[in-house]
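Some structures are shown below for you to check.
Same chain, two partners: chain A is paired with chain B first, then with chain C.
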Partner chain A sequence: MSTITIEELTMDYEKNRALVHITLTIEPNKIYGLLGRNGAGKTTLLNLLTNRIFPTSGEIKIDGKNVIENEQALSQIYYMMEANYFPESLKVKDVFRWTKEFYPLFDTAYANELANKFNLNIQKKIKSLSTGYHSIFKAILALASNAKILIFDEPVLGLDAYHRDLFYKELIVVYSENPKTIIISTHLIEEIADVLEEVIVIHEGRIIANHSVEELLASAYQVSGEAEKVDQYMIGKQAAGQKMMGKYKMVTVLKKISKENEEVASELGLSFSKPELQELFIHMTNGQEV
Partner chain B sequence: MSNALKVTKYLYRDLRTSITVFFSVMIAIVTLPIFIAYQFNTNEGEVNVSGLGATIAVYIFIMGLNIFKSNFKFMQMNNITRSSFYFGSLIALISLALFLAIIDALLNKYMKLFMSYQGLFEQIYPKNLFIADVFWSFSLFTMAVSLGWLITMLYYRSNKLTKIVISIAPVLLLALAGSLNNWTNGSFGENIWNLFSILLGLEQANSYMAVLSFSITALIFFALSYLLIRKSPLKN
Partner chain C sequence: MFLDFNSEKPIYLQLAEAIEDSILQDIFKEETQIPSTTEMSVSLKINPATAGKGMNLLVDEGVIYKRRGVGMFVSRGAKKMIIRKRKKDFYDTYILALLDEASKLDISKEEVITMIERGKKE
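Showing the complex of A and B:
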């Protein structure tokens, strides 16, 4: 089933502590968003999950088996890294061929089909690909790998809007046809929000939230209306963020909506709405835990 | 097929061009004097080529230097474990050393048909034995490639300071050896030479002594390489 369990994971780089006692379970067949600001520890965590680097302490297991130098556990994962470590002299089609060698379930026909959709010339050498096409090339490898766990680190880096949209659509197709665990680390939270089922927020090496998107969004609300009335409503409450548009004001509150609040808002003529994931993320990584 | 053998297969593919180019150049170097000799009716005996074995040893050493970094990264992209990468590379490197040793020994044997030729083995051990030549060249090439591989891994694992130390260490050692030699009125150099003479079986013209020395050295280099790669992180 490919359940990933992380226990007390700590990673030190010389004097810097990148990850601090992380304990986490990643359930199978769900789409996770790994969110965090620059340098939060996202890539370090992903590199540890795939045995690219070694932890200072703690354990990572897939279905109870430690990932460290474990061929069986690692063969279940395809990790699309942000960095490019493919031999530059190889052609795209050669990498497809070798990926098939190492991932026997790799679907070459689907990879070629995706290359067509993304206008990626498979005769091109890796070194001649632009930043966007590097991302496309690596994303195709991951999507066609048929691995049980797909990990994407900044998958849409350098992609234009059309290709980003195409990537999200293909991701959903791959997931719906053959459910698998997908972990996506990205800064484009607004774009990915609709794709995600679960969200893990990492901040300064610590997990500060690990909820379903629904739970997370339900843990806060936005109240909007005439600025004066919103201010009146907010007396005794803490605002996580606010937006002003003329006399109109919208405030994000990090609490569930209570009946009492609903009545007060109704009396003041204010309306409630769900906050956006990105807004919550900005607030959470600005110092407050949800 | 195990992942280690898949690594071997990939490395063969990766090295194919380099080996083809190398042997094309070698064949050109070897055949050109013969061609000139026959074309211009030069006395056959004047055509003299030697020491191709040393060229192959240098080539395979450089191959050892070049085979690690990009291939390790590519295998990491495919979630191949370090041990599979290590053993796959080991099979590729040792089998290539054997292949090159056989080619070298064959060249040593057949070049004599066309010109005055002495291979490296024959120059050191004045005998012309095909099997002994293959064993000797194989162990020499294996040692050369293991040294190249070890050096490149040392560089990969090292920080800037350690890289500098590794780079200047041979010069420092030579300078130290020179000083020691002067300080001991030449007896240090003499002892070192005697030691090498024993280890390479030079006095008794015993090439198998050299085979043993080269093999043990290669084994040590390969073991050290394993220690370096065992916990090697993926990095730029």
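Showing the complex of A and C:
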């Protein structure tokens, strides 16, 4: 098992604070979505998790052991970074070979099979790959790595719809065949919402939500109808966001639906609905906290 | 098999209903194997835990059963079981909603009956 525990993690860069007192447990064998707006601190958190950088304070442990300079803990993790980090003159197939050196469990046959499915020519040099194929190439390395913990930072950057679809499907195959912890940081929330089991929302360096997708979606509701009636309903309640279309209004409230509220709304002729993950995320990271 | 991801209904319930629909339509016949949780989650792009939850619901109800090392099968009598359950829901889901909407639109009971008869003919 590979439980990741993060305690009181803070990361200061020269001028700004990237992460502020983050405490978090990542349970083994679940698919996590790490969601946050640009500059929220997602990549900093992932770089710290994989010991690419060192925290200002706080600790990260895998199965109780600190990750800093801990080769054994780190060898359990494969991290698909957003940045490009391979020598540009190497060919794809050479990188497959080198990866096997560092990750003995790397499944070269599966990597070749994936390259075939994605139409990636393994004779090509890294520098000649387009943005989309660069992402594909890095995603293949991660998928075939057989590591206990897979971390993806923007895995579908530049991928067309067909290839994104293929990536999500292969991800589920890999996960189903060999249960592992998967952490995905992405901006394409709508596409991946149903693949995720857990969601961590990071906003301005702080964790503002850490729940199962189901729980998170149940922690908010939308109420809609005639604007005046909606306003009447909203007296004494806080709206996280709203949409207006003429006299029609829809308000998102970051609270669980209660029987009483439902009755009040139904008397006013308003309807309730459940927000989608992406919409909820937009409201949550718009200055409001849950 | 299609799921409506915009629906209010949780995905696992939708999956269970979609499997039931397939059994009612004889796409999945009794005593035959149905796709595995993995196959379902891959082709529908949903979390395997979600797919498992939907399948387990049907296992608990006795609609499908697991053959160790082989996979999931449709139980004998599954179709009857589903029909019996759905008939119970029919009144709550359709009849009450129909009468509710009819009263909003000021449609009388006689008009509703006439419409049902017309619908039956067409």
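In this text, the second predicted complex is superposed on the first by the 272 of 290 C-alpha atoms of A that agree within 3 Å, B and C clash if a C-alpha of one lies under 4 Å from a C-alpha of the other, contacts with A are read in each partner's own complex, and residues count from 1 in each chain.
By our rule, contacts are C-beta pairs under 8 Å (C-beta built on N, C-alpha and C of every residue); 3 or more make two chains touch, one makes a residue touch a chain.
No experiment lies behind these values; they were computed from the predicted model shown.
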Partner chain(s) touched by A:195 [first = chain B, second = chain C, both, neither]: second
Touched partner set for A:244, first chain B, second chain C, both or neither: neither
Touching partner for A:70 - first (chain B), second (chain C), both, neither: first
Touching partner for A:87 - first (chain B), second (chain C), both, neither: first
Partner chain in contact with A:53 - chain B first, chain C second, else both or neither: first
Partner chain(s) touched by A:172 [first = chain B, second = chain C, both, neither]: second
First (chain B), second (chain C), both or neither touched by A:105: neither
Residues of chain A at both interfaces, chain B in one complex, chain C in the other: none
List of chain B residues in touch with chain A within their complex: 3, 6, 9-10, 14, 70-71, 73-74, 76-84, 231, 233-234, 236
Complex contact set, residues of chain A against chain B: 47, 50-54, 69-71, 74-75, 77-79, 81, 83, 85-87, 98-99, 101-103
Residue ranges of chain C touching chain A (in the complex, touch as defined): 5-6, 8, 10-11, 37-38, 41-50
Chain C contact footprint on chain A (complex, rising order): 30-31, 165, 168-169, 172-173, 175-177, 193-197, 213-214, 273-274, 276
